[in-house]
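Just dropping this structure here.
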Amino acid sequence: MVYAVISLAVMGAVFGVILAVAGKKFAVEVDPRIEAIQKILPGANCGSCGYPGCSGYAEAIVLGGAGMSLCPVCGSDVAQNIAQIMGASVDEKTSQRNVAQLMCAGSTGKAKPLYKYEGIQDCKAVALQYKGPKVCNYGCFGLGTCVASCPFCAITMGEDGLPVIDREACTGCGVCVRECPQQVLQLAPVGQLVHVRCSNKDKGKDAKAACEVACIKCKICEKNCPEGAIKVVGDLGSSIAVIDYEKCTNCGICVEKCPTKVIEKQEPVDKEGCRNTDEIAAEASTGCALCGACKE
Amino acid sequence: MRDISIIVISAVLINNIVLSQFLGICPFLGVSKKVSSAVGMGLAVTFVLTFAGMITWFVQQFVLIPLEIEYLQTIAFILVIASLVQFVEMVVKKTSPDLYKALGVYLPLITTNCAVLGVSILNIQKTYGFLDSVVNSFANAIGFTLALVLMAGIRERLEDADIPASLKGLPISLITAALMSIAFMGFTGLI
Amino acid sequence: MRDVLKLGAFLLIVAGIAGLGLGYVNSLTAPVILAQEEENKISGFQEVYSQAEEIKDESAKYLPDGADGIVREVNVAYQKGTPAGVIYMVEPKGYGGEIQMLVAFDIATKEITAIKVLSNKETPGLGAKCGEEFFSERFQNKSAEGVLELVKQEPVGDNQVMAITAATITSKAVVEGVNTAREHFVSNFL
Amino acid sequence: MNNQGNLLTVTPSPHLHSSNSIPAAMRDVIIALIPAFIASVYFFRISAVLVVVTCIVTAVVCEMAAQKLMKREVTVNDYSAVITGLLLALTLPATVPLWVAAIGAAVAIIIGKQLFGGLGNNIFNPALIGRAFLLASWPVATTGWVTPIDGVSTATPLGIIKESLGSELPNLTDMFIGNIAGCLGETSALALLLGALYLIYKKHIDWRIPTGYLATVFAITAVVGMTKGQGLSYPVFHLFAGGLMLGAFFMATDWVTTPVTKKGRVVFGIGCGLITVLIRLKGGYPEGVCYSILLMNTLAPLIDRYTKDRVFGGGKSHA
Amino acid sequence: MNLAKTFSKGIINENPLFRLMLGMCPALAITTSVENGIGMGMAFTAVLLASNVVVSLLRRIIPESIRIPCFIVVIASFVTITEMVMHAYAPALFESLGIFIPLIVVNCIILGRAEAFASKNGLVPSVMDALGMGLGYTLALVTVSAVREVLGAGTFLGIPIIGLIDNPALVMILPPGGFIALGCILALLNKMQQKKAQSN
Amino acid sequence: MKKGTFKGGVHLPGYKDMTQGLGIVTAVIPDKVYIPLSQHIGAPCSPIVQVGEEVKKGQKIGEGKGFVTAPVHASVSGKVVAIETREHPGGNFVPCIVIENDRREEWEKTIKPRSNPQDLSPEEIRKIVFEAGIVGMGGATFPAHVKYSPVEGKKAEVVVLNGVECEPYITSDHRLMLEKAERVVAGLQYIMKSVDCSKGVIGIEDNKPDAIEVMEKAASGVPGIEVMSLPEKYPQGSEKQLIYSCTGREVPVGGLPLAVGVVVSNVGTSVAVAEAIEEGKPLIERILTLNGDGVKSPANYSVRVGTLFSDLIEQSGGYTGEIEKIIAGGPMMGKTVYTDSVPVIKGSSGVVVYKKKEQEVFKERDCVRCARCVDGCPQFLEPTTLMKLAKRQQWEEAEKNYALNCIECGSCEYVCPARIPLLQYIRRAKQEITAINRAKANK
């Protein structure tokens, strides 16, 4: 009994000393701020900030002085929180998030097909075959590379052969925009409801020949816009109607006037602000990775 | 002294520590996603387990038995192992940065690896001598590494497999382990 | 350094208290455990050789080379001061490891009184059946003088024992254990 | 004159495809197993038919049910479930209770294959998983060997060697033809060789695995035979005994669960051979073919990883 | 969080074995019979309860930097006590659980609860937490062992089940059976959760 | 006559019976020719004529900058009526010079037979080859003069002429060898001279015994030239595989044939070289096989560059019915075109037309790891592994597994029983790897 007390006590003491010494000598300085920031980032690791995943970005903020509002997925509140952790202030980011918009309405039946494609369903692969399966060289191929690329599962392929973007779920990370070989996806503020659904810069006649719903550069929209927000920009043979989102008031006059119905107005979405990062994390996370690290 | 080859074959193949004794399941399922990290973890466990087998044997023979406090085995061993892992980490860090790089991340995970404590206790339960204890510890660690690396190889392949959603992750790993365990049954009686 | 000492001291106290507690509990349970083990052993002996008045462990005398081979213990059962039976503990190697078993002989009848498998690591449902009564009964009252032989069908000869279905290796091991004990018995007690 | 306004098809090359297809290959495997099946029916009569039918029907039904449940395309028409059922049946004794055989087929298909995502994704040979599962679960029911034709209870040649209990070893001719006790499909080496030749002729199996396998078994047992003073009859006995022929030609050559690299396939064959001999000579089971292949299945991903072939023009692929 | 919730979370939502995937080794090793499962679960609960109580009481005294070793000492002590008590009063169970009793020490759940809950909460919540987690783990063990015992031995708590007892699937009480049973149960739970998520 | 072959590869059905017995027919010279400004590997040429300008047959109408380029020439005499972007058989849109044929067939006046072809120096030969716009006519369209130019530290020891023609349906080289054997040998001699080597090998697959016989006769008595009969196997005609078959040498990864002392040219290129040197003719005409079940009467044509596929098809009696696809080149490596108004270019060895059939649609299945693709890959790659890496978008891993070494022969896809479009996945990987490497280089 005496031995038990003594030997255990000694062992405890020795163990304590070793641990204390080890803790002192070999403490790895982990900046607690990195962890704190990582916690409030969405954790979807989409890479839109330009760093390898959320933890990479958190590290870059603390150690590399990276900007605090680079995460396109998070709203200003997150940026503010990061700033708070870092003890700095951050420029007010627009409170509206961006969402991806498809600048093409050339669905099956409307855009003329050039050939029948058989092969792997990948827009980048079909791009090698005469610039895609449609006569229009600017439009959406409809093979769903964006659908596969979306880290938030916000894009689905519609029955008309064009991708459908769930604007509630879209975080505006921009992965699909980067992946689309036709550059027919764009980011726009979620409150922007009017869009020109065409990217064809060919002359009106050629564009019309390729697709029923093409911008024919008639400039009717330009003439009718009360705000001067929509303009056909570019040189002859390489022009297209473009909306200035700063000026546009979503009045919808251009939508009515457009002869080819290529300008469209969307329904507004419920939530304009950024999505809750916890919610995103819950969607994006795949559960416990069982790396064992948590047991440390 | 018992036949060393029997100890080795028994520990590695017949009574594989993971597949038939169920020790070290957590790291077996946790660190088997990639072959490279499985090899790292295996090395780290081998390292620590062999040392732990040695030291706990000494503790048992020269401290617990003489003082007649064998009943303190569990608590003494866990303290020894925890300190050992810390100590090993310190030494490796100081003496061999390369080794530290390879094993470093895995070392802290080993403290709570039940394989280490389990094998140490089994060594004593089986009344192994010093050499047998060391051999048994080492062989068990090899068995652990073998199972871990095999599992990692399979899981890398399963990454391409179109596994039903509800089975993804842990369930299919467990079923794979079950089938591995069935395969390893072929070794029973092999001594 | 002060820190280190302080922490060391704290752990020392915690561990000390733990040691105290454990020591106390041990002092309570140790005798119970000991008594139980003793009882287990005796009841085991009783099962294989019931008529003994006193059983003495005489392994030192009968196993001069220590527990070499598979015979681990030789216990002699005395009746009125003279040896009446012998209870062997043998550990033959089975399918999954050693099978620990008792084999008892009666000196007068030169027969096996009973065998009992104390522990085994055989396959559940197969070899592990060697611990069951139906199998150990097959050894009862076999003569100690002839070598026991394992057979697969119903035994025809006196010295034959039928194996457990689909567990030949285990059965063989048990028979080997009995035969080894038998040899020792024949050469030392008859 | 753009061909009457009809849209042409544009596809990346190649525009030619061989007639190879999974169902065609599977059909050939079934054809190759027919001699073994006929032999089993000859030797074990109606019970062989019953076991085979039970296994195949259960396998096909389970495959359909599992794919329906998982809401996947039902692919029983690729015959792979039929093969699994057939192969499993050929590894069972004629006396096996039919419900045991059915459970084996169900386990083979569901646990061995469908849980992993179906054909192509399984790690282990499904039929062997089924057999190993049965052997572990109902060891008595799955090892009730009988002599051919008259059906008297006895031991397999390997069992006779292993347990060295009485009975005499059959002669090599009987073993080659199949006039011995054993599983339905493993008794007749002749029938299996016929099927194997067909598969090799059809190029469905690679020579490397069976050659590596059989050569390894032969070489080691030849050495052992020499030390035992039994000469050549010992290794030949081992070649014809047990499930070696069935395993080497029909199980170890399973596409899905074996390495894809050429070197890897040699290693796989040799590994199977080593483990088989190890289990046969030293292990607890009389026969080691089933376990040796399963064990090498676990090793296959690593073999693939470390036996990358040299690239044309030098350079070694990275793992 | 109210006490009932503290108690009940361990049973379903944060079930140590099925949700947190902790304590897998004993759940695979000793679940060959329901009796073992119950015994292990009780031993586990006892240790968890005792250590949670002590840690919770001492939570203000233990220095931050050596809390882990302190927890380990506390846990190891209770494990040893449990071991000794079982050896003395339930020798059969002690035999069949074998090495997995001392290994409760390295069961991550206990250290985890001490670290994550008891060291931050008062006595009563800690007790509820320990009881909930202990019960959850015990239930999980019983589930796994019930599957294995019924299929593999044809009995439930040693009582023969007609129809299964004659030809049980032995493999289920062999090592592979542990993996299969746990894997399938987890898959089923996943499936149920997905169904639930879909219907929501 | 030795026999050698490479490892890997597949056996293809030939589909050559239709045309291999048919002599070369001169194709109708169309009213308009469409001459793409890009008919070689490298940057496209710029036009050096203007719309409205009269051009002569053989006149240079486009030239490029730099070393790796080949000029293009008018294939008829007439008037340039347009320079416009048109579809190209290579699967893209390319600027073309459209010439309206004046039917006068007037040669550019500088073009006349050379009196002293034997006395030319290697430099002069290369100059003539360059000026004649000769490119690899097997389909690769690599400018020939570049191949024949010396590289520091490398010495050509063997010139291998590719008479393998392993693509199914295509018989143009076969006919060429039968009908212009002397020219093939003569061209080979000029090439040997230009690269300063004394050994020449003509590799021909043994499914063309008549060609082997004719070529052997033509080569007999010519020192240093040997005809090799090679077993029939695809892709024997691939440069690296051909070199291995004929010389046993392996072109190192990422290396050129010259690294092992070999220069390879197609037999068609050889004829073009001979014609350029002896007669001064630029490359404006080539032999082409029109074949497939979609055309009424398959044929081997001698056709002017710039002739539309539709012109040839019309000459052959049109389509047999509704057609599925038109392949520019052979079915293994050729590219499908979406219209038949695509011009013949210097590298067009054949046009194959498939009739629409009610065929069962083969669905892609999971890989069953049968390893036929691995066994069939002549580059010893693991197509199935590359496919999986491409599906997972692990481009760096794919590069480490030598995705860039793929020669896109299509053997893997041909043999795959699971009908996985392996080559397409590998091509995707190559596409991404090249993009990544380019981005890295730009950084």
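Residue numbering begins at 1 within each chain, and the chains themselves are lettered A, B, C, D, E and F in the order written.
Please note the rule applied: contacts are C-beta pairs under 8 Å (C-beta built on N, C-alpha and C of every residue); 3 or more make two chains touch, one makes a residue touch a chain.
Just so we're clear, the structure is a prediction, and the values are computed from it rather than from any experiment.
> If every chain is reduced to the average of its C-alpha atoms, which one ends up farthest from subunit C?
Chain centre farthest from subunit C's centre: F.
> Could you tell me which chain lies farthest from subunit E when each chain's centre is the average position of its Cα atoms?
Centre of mass proxy via C-alpha means gives F as farthest from subunit E.
> How far is the middle of subunit B from the middle of subunit C, if each middle is the mean of its Cα atoms, in Å?
Computed from C-alpha means, the inter-chain centre distance equals 31 Å.
> Could you state the distance in Å from the CA-based centre of subunit A to that of subunit F?
From the centre of subunit A to the centre of subunit F is 44 Å.
> Go ahead and note the Å separation of the Cα centroids belonging to subunit A and subunit C.
Averaging C-alpha atoms per chain gives centres 72 Å apart.
> For subunit A, give me the residues that contact two or more of the other chains.
4, 7-8, 11-12, 14-16, 19-20, 114-115, 119, 125, 128-130, 290, 295
> Two or more other chains touching the same residue: where does that happen in subunit C?
Touching at least two other chains: 7, 10-11, 14-15, 18-19, 22-23, 26, 30, 95, 123, 125-126, 169.
> Check each residue of subunit F and list the ones that touch at least two other chains.
336, 338, 366-367, 421, 424, 427
> Subunit B touches which residues of subunit A in the complex?
Touch list, subunit A to subunit B: 3-4, 7-8, 11-12, 14-15, 18-19, 22, 25-26, 286-287, 289-293, 295-296.
> Subunit A touches which residues of subunit B in the complex?
Residue positions touching the partner: 26-27, 29-31, 33, 63, 67-69, 72, 75-76, 79-80, 82-83, 86-87, 89-90, 93, 108-109, 112, 169-170.
> Give the list of subunit D residues in touch with subunit F in this complex.
1-4, 6-18, 20-22, 24-25, 75, 78, 117-121, 206, 255-262, 265, 308-315, 317-318
> Using the touch definition up top, name the residues of subunit B that touch subunit F in the complex.
159-162
> Show which residues of subunit D lie in contact with subunit C when the two form their complex.
Where subunit D meets subunit C, its residues are 139-140, 143, 163, 165-166, 284.
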